[in-house]
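A, B, C, D and E label the chains in the order they appear, each numbered from 1.
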Amino acid sequence: MYRTEKVREILSWYEGETPGVKSNLSRLLMHGKLGGTGRLVILPVDQGFEHGPVRSFAPNPAGYDPHYHYQLAIDAGVSGYAAPLGLLEQGADSFAGEVPLILKMNSGNLLGAAANDQAVTASVADALRLGCVGIGFTIYPGSDRCYDMLEELRDLSLQAKSRGLITVVWSYPRGGKVTKEGETAVDVVAYAAHMAALMGATIIKVKLPTEHVDHADTRSSYDNHAVAISDAADRVRHIMEAAFAGKRIVVFSGGAAKTRDELMDEVKGIREGGGNGSIIGRNSFQRPKEEALKLLDEIISVYR
Amino acid sequence: MYRTEKVREILSWYEGETPGVKSNLSRLLMHGKLGGTGRLVILPVDQGFEHGPVRSFAPNPAGYDPHYHYQLAIDAGVSGYAAPLGLLEQGADSFAGEVPLILKMNSGNLLGAAANDQAVTASVADALRLGCVGIGFTIYPGSDRCYDMLEELRDLSLQAKSRGLITVVWSYPRGGKVTKEGETAVDVVAYAAHMAALMGATIIKVKLPTEHVDHADTRSSYDNHAVAISDAADRVRHIMEAAFAGKRIVVFSGGAAKTRDELMDEVKGIREGGGNGSIIGRNSFQRPKEEALKLLDEIISVYR
Amino acid sequence: MYRTEKVREILSWYEGETPGVKSNLSRLLMHGKLGGTGRLVILPVDQGFEHGPVRSFAPNPAGYDPHYHYQLAIDAGVSGYAAPLGLLEQGADSFAGEVPLILKMNSGNLLGAAANDQAVTASVADALRLGCVGIGFTIYPGSDRCYDMLEELRDLSLQAKSRGLITVVWSYPRGGKVTKEGETAVDVVAYAAHMAALMGATIIKVKLPTEHVDHADTRSSYDNHAVAISDAADRVRHIMEAAFAGKRIVVFSGGAAKTRDELMDEVKGIREGGGNGSIIGRNSFQRPKEEALKLLDEIISVYR
Amino acid sequence: MYRTEKVREILSWYEGETPGVKSNLSRLLMHGKLGGTGRLVILPVDQGFEHGPVRSFAPNPAGYDPHYHYQLAIDAGVSGYAAPLGLLEQGADSFAGEVPLILKMNSGNLLGAAANDQAVTASVADALRLGCVGIGFTIYPGSDRCYDMLEELRDLSLQAKSRGLITVVWSYPRGGKVTKEGETAVDVVAYAAHMAALMGATIIKVKLPTEHVDHADTRSSYDNHAVAISDAADRVRHIMEAAFAGKRIVVFSGGAAKTRDELMDEVKGIREGGGNGSIIGRNSFQRPKEEALKLLDEIISVYR
Amino acid sequence: MYRTEKVREILSWYEGETPGVKSNLSRLLMHGKLGGTGRLVILPVDQGFEHGPVRSFAPNPAGYDPHYHYQLAIDAGVSGYAAPLGLLEQGADSFAGEVPLILKMNSGNLLGAAANDQAVTASVADALRLGCVGIGFTIYPGSDRCYDMLEELRDLSLQAKSRGLITVVWSYPRGGKVTKEGETAVDVVAYAAHMAALMGATIIKVKLPTEHVDHADTRSSYDNHAVAISDAADRVRHIMEAAFAGKRIVVFSGGAAKTRDELMDEVKGIREGGGNGSIIGRNSFQRPKEEALKLLDEIISVYR
């Protein structure tokens, strides 16, 4: 399979990995409209588990059907599609090989009182059975279940690596010493990205950080060493540095649905700061399809 | 084995599954008086574990004998019979092959104080040994043990799939942010059905929902997007949509024993809303046999 | 090996079991003075673990020696001998094949504060190594550790079945919603027997129930359906019904040592109610040997 | 290898064990100055873990070196040497085959607040790798972690037995219903010895008991049945009876360092009561070597 | 491979280990500027996990790049480089065989509230895949999770030994009966070193101790037996004694960054007391590279 120089360079950063893992990473990086650019736009559909089906799909009821998301990912030419077990199963055969798949391995839900953990809801064997390029896993650095989540990630990641699958880590700090505002603080997001890199993540997903510094003892490091964090591009640049001096792929999520302009500003900040791309969930599948395709195309154009 | 077009279509929705799983699903869908229609009536006998033998069988003492339920399921021409280990063992040989069996894998009981969990009381190896078409498993979305139950389900479901067995998930929200009234609220039941689908369930069992919406943040989704939930058929239609736009089989339970007319109204609502059928336990085996056969026949006639 | 018609009939009830399990059940049912009658008297010696050696054996110090119990079981012609690992090991070779052995797999002790659980103190591999016909396991329905105990039982029982061993379940409700008086209440004992049957027990051991009904919601079931529980034989009959309409073997224990007359009355009640027999521990090994042999012979005579 | 009649008799009591286990037990019983007598003196060096190195070895700094204890055990002609992993590893090759080794598998430490548990710090694979005759394991009957410790013992003991290793159980009641004084009470120590025997221990280690009876309900058993416990030899005789009528090997520890005369009195009591010997730790390795050798020789002379 | 007499002697102390383990220990001891001297300077980079990337690398931003630390370790001629999974992976191939690697297997982080445990973040299989000479593991003696950490260490260490890898144990007391000041108290550090040795550690890492004695009951042992602890060299000598009379390799860490003179004083104390060397993290990689190389060279010169 053809690889661009850019992708060749990125693969060279994953020197600890087997040819199998690099091969699947290459499949992801060479796919879609951004194929070969080293940039990625990924479609994740895990809101059904996290927020329930009505809040996720009532705005655009076509999304109740798992095939819709496969087709959206293909038509939009995004780099990959990430979802929990059931969603991937219903479409895996119909669309086999048409879009790189990432099996989301753990999920939380709104019905329970606690938000410090997720249930592991799939297995590496499932990812292989469904022809995925990799697995996805959420960690909550700071949570009182964080160490258990890290140990689950270690086990699944070791299995994934030894079977040639990449590991995408959703690193979302919460709880412990992290304040509510701190969940998107620049120091906390940098820590989250670095921790995912240390865990051996192939691709890291974090939230786009704010200028807030949450941890008092860390504030002085920014001041004393004049670390630039005043605009979005600076902060993205800082996060990339925390991800092994940019040698790990980092994609950013924007969170709740917002206006097109807000979203495009975020995307430009990510591009300017050297981030690898975006994960766009609710902002795509909750819009009517034509509108979603248009928006994704605009985002992709920024990265291209 | 002969399959109708309808069953062929349903099997096509389970594209992630092996031929073994589809074969057992086909056995269930082609069996009994509703064979080939895509509708199901299942006889479950797990009340002995849940409520004790006296409350379960004193109304119709013939039910103390495990053979009674096998014979009832066969004589009534229902689609399948679901029960815990001991009950299936006593009859598995006498009635081998005469009715599709579902081994209920976990069970709670009334003697303990807590109602947030169940004990895993059987193994996939038992289901294979007894010639079952699949396993049944209860989850309690919302409960503080929910994530543990989901992880148990994942393990057993993976084993079941890899051995050609279907997985029937009883998805019964309780605890956490779910109020008592909310256990049958339409938003909560939709969430429960969707969660079971995401877990990879082959067949989903939920309670017939009421018009109540339990979660404040979800209320607006119903209002803003004009989701119809005012009559039983609407609500069933909504649940079916939450189950992958109707591409997962959903059967409904009515709960406590009630009058024939109430029950028939429920059944008609399920049929009109496009539900796949009913699970009828206490309303069948607690009635004298002739009466039970008559009632089951009426129910089946509605679905046919 | 010769089997009576009665034993043949009983074996036919265990239709889910392998020939290996039936073979060991047959060995137990054909052994001793009650061999072939379908009735059983079993000698259990687990009081040393439960109450300590002094309270168990000081009344008859010969019992400190493990060989004493083997010889007592053989001389009395009882059906089998059940004890924890150490006791069975010391004698397993000297008396190999002379009496059916049941390895008691879990045990509690008086020194700890909590009485809601037992430790698993032996393995199925031990039972095979020592030539046992089966394993014994205690569950405490109602206890806050009940689900863990049920899951331990499931694991051990699955191992035992697949290796041709029978499973004897001591089902002793306590804790949770069970009052102290309720531990021997007729509704609670019926529930305990039924639960053991659902778990796949080959033989069920419960306490002889009193007329008390412990659970308020269950009271009406007895009244409305006129379930007879006024004398001991009625209650035994009711328990047998809860054990799959009498298709599971149930033996009864009387608890603390008592007078010969009280004991014989209990035994007659069990016989008249159709119970399968008795487990006689302290009432036998705490008496001088001659006296114990005489008592056991009287008991056996009632059942014969 | 030569075996005395006495050792032959003792081996005959372990009839449930494989030839491999008996062979290692024979190695221990035939070794050293007491070889062939059925008596044992064992050198345990686990105080470093339990109390730290300074309190353990500052009185005789030669003991910081692991080789010292090997050489002491060899020069003194004791029956065996028991220690945690690290201590055995450093010397296992230099002294290979010169003294029977017992790998202590679990250990506590003084730095933590709780004293109700120990960490499992070695594996049966280590014991085999180091050429040990067996493993050692501490249980705390009465502790709220007692059942977990019993289950760990069961697992390790099963592994040990199946690989031909003996199991030495340190049975030290504490916590739960056991008072501080009760830890050496005669009823509690008898219970501890019996429990270890029931767990399948090859050799039982308990503390030399006092005349105190700790458990109110057990007091009457001593009175009613006139169990003699007034002098040390009586109490040892009672403990031996609790250990399967003397058919399990029991060795006694005296605890904290004390005068030579106190120690010799204890040893004489053990001999007169029929105990199998002593475990002498701090009283040997904390004395200068010549003094320790002299003391151990005196002790051995009593037993010979 | 050539080995000096000194290294030969050290290897002779690890008599319980396989040739594979000795071979890897030899690789470490023969590497770098101190190769063959029996002394070690190790570069650890785990601060990113423990304190976050900004506080770790902002002082010298070159350190964001994992290759930087590999190159620093090689250029400085240190004995080995220790880091978590992600850091080792990114460089393992580029620098394969150029410096001995130690995979740090567990890590804590500042975001969570509790500091009594670490997450296990790598596997022995990873260490083998990356060509490491061994694994590193932190224990917290005194912590309420200490026994769990010891059991994790036992499992990983057994795996490591059987695959020819050495085990480096970071033994850092905290919690339980250890006061804040006590974490570096001489009695506590001696206990920590001894405990690591008993666990079978190949190399022990402790903090350089102060003169404080933390545990009241241990104070008298120092006084009564005149254990010298008044200067740094005395204390190092005492720690070495606690490490099997100097037969285990012990390296010391100084903790937070400090002036060159303070650091050099510490190093001289370690050398004079017979310690095996230093672990120098923040004091090296947080300085500009030339400065760091100069400092490391000075330290190495002291040891040479």
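Here, a contact is a pair of C-beta atoms (placed from the backbone, for glycine too) under 8 Å apart; a residue touches a chain by one contact, two chains touch by 3 or more.
The model shown is predicted, which means the values in this text are computed figures rather than measured ones.
Colleague: Show which chains lie in contact with chain C and also with chain E.
Modeller: D
Colleague: Starting at chain A, what is the smallest number of hops through touching chains needed to reach chain C?
Modeller: Step count on the best path from chain A to chain C: 2.
Colleague: How short can a path of touching chains from chain B to chain D be, counted in steps?
Modeller: The fewest touching-chain steps linking chain B to chain D number 2.
Colleague: Averaging only over C-alpha atoms, locate the centres of chain B and chain E and give their separation in whole Å.
Modeller: 58
Colleague: Just how far, in Å, is the C-alpha centre of chain E from the one of chain D?
Modeller: 36
Colleague: Quick check on chain C: which residues sit in contact with 2+ other chains?
Modeller: None at all.
Colleague: How would you write out the ring of chains in order, opening with chain D and then chain E?
Modeller: If we begin at chain D and move toward chain E, the chains come in the order D, E, A, B, C.
Colleague: Would you pull the chain A residues touching chain B in the complex into a rising list?
Modeller: Interface residues on the chain A side: 48-49, 52-55, 57-59, 61, 64-66, 84-94, 107, 109-114, 117-123, 125-126, 129-130.
Colleague: Help me check something: in the complex, which residues belonging to chain E touch chain D?
Modeller: 13-17, 141-144, 146-148, 150-151, 154, 158, 162, 173, 175-178, 187-188, 190-191, 193-195, 197-201, 215, 217-218, 221-222, 224-225, 227, 241-242, 244-245, 247-248
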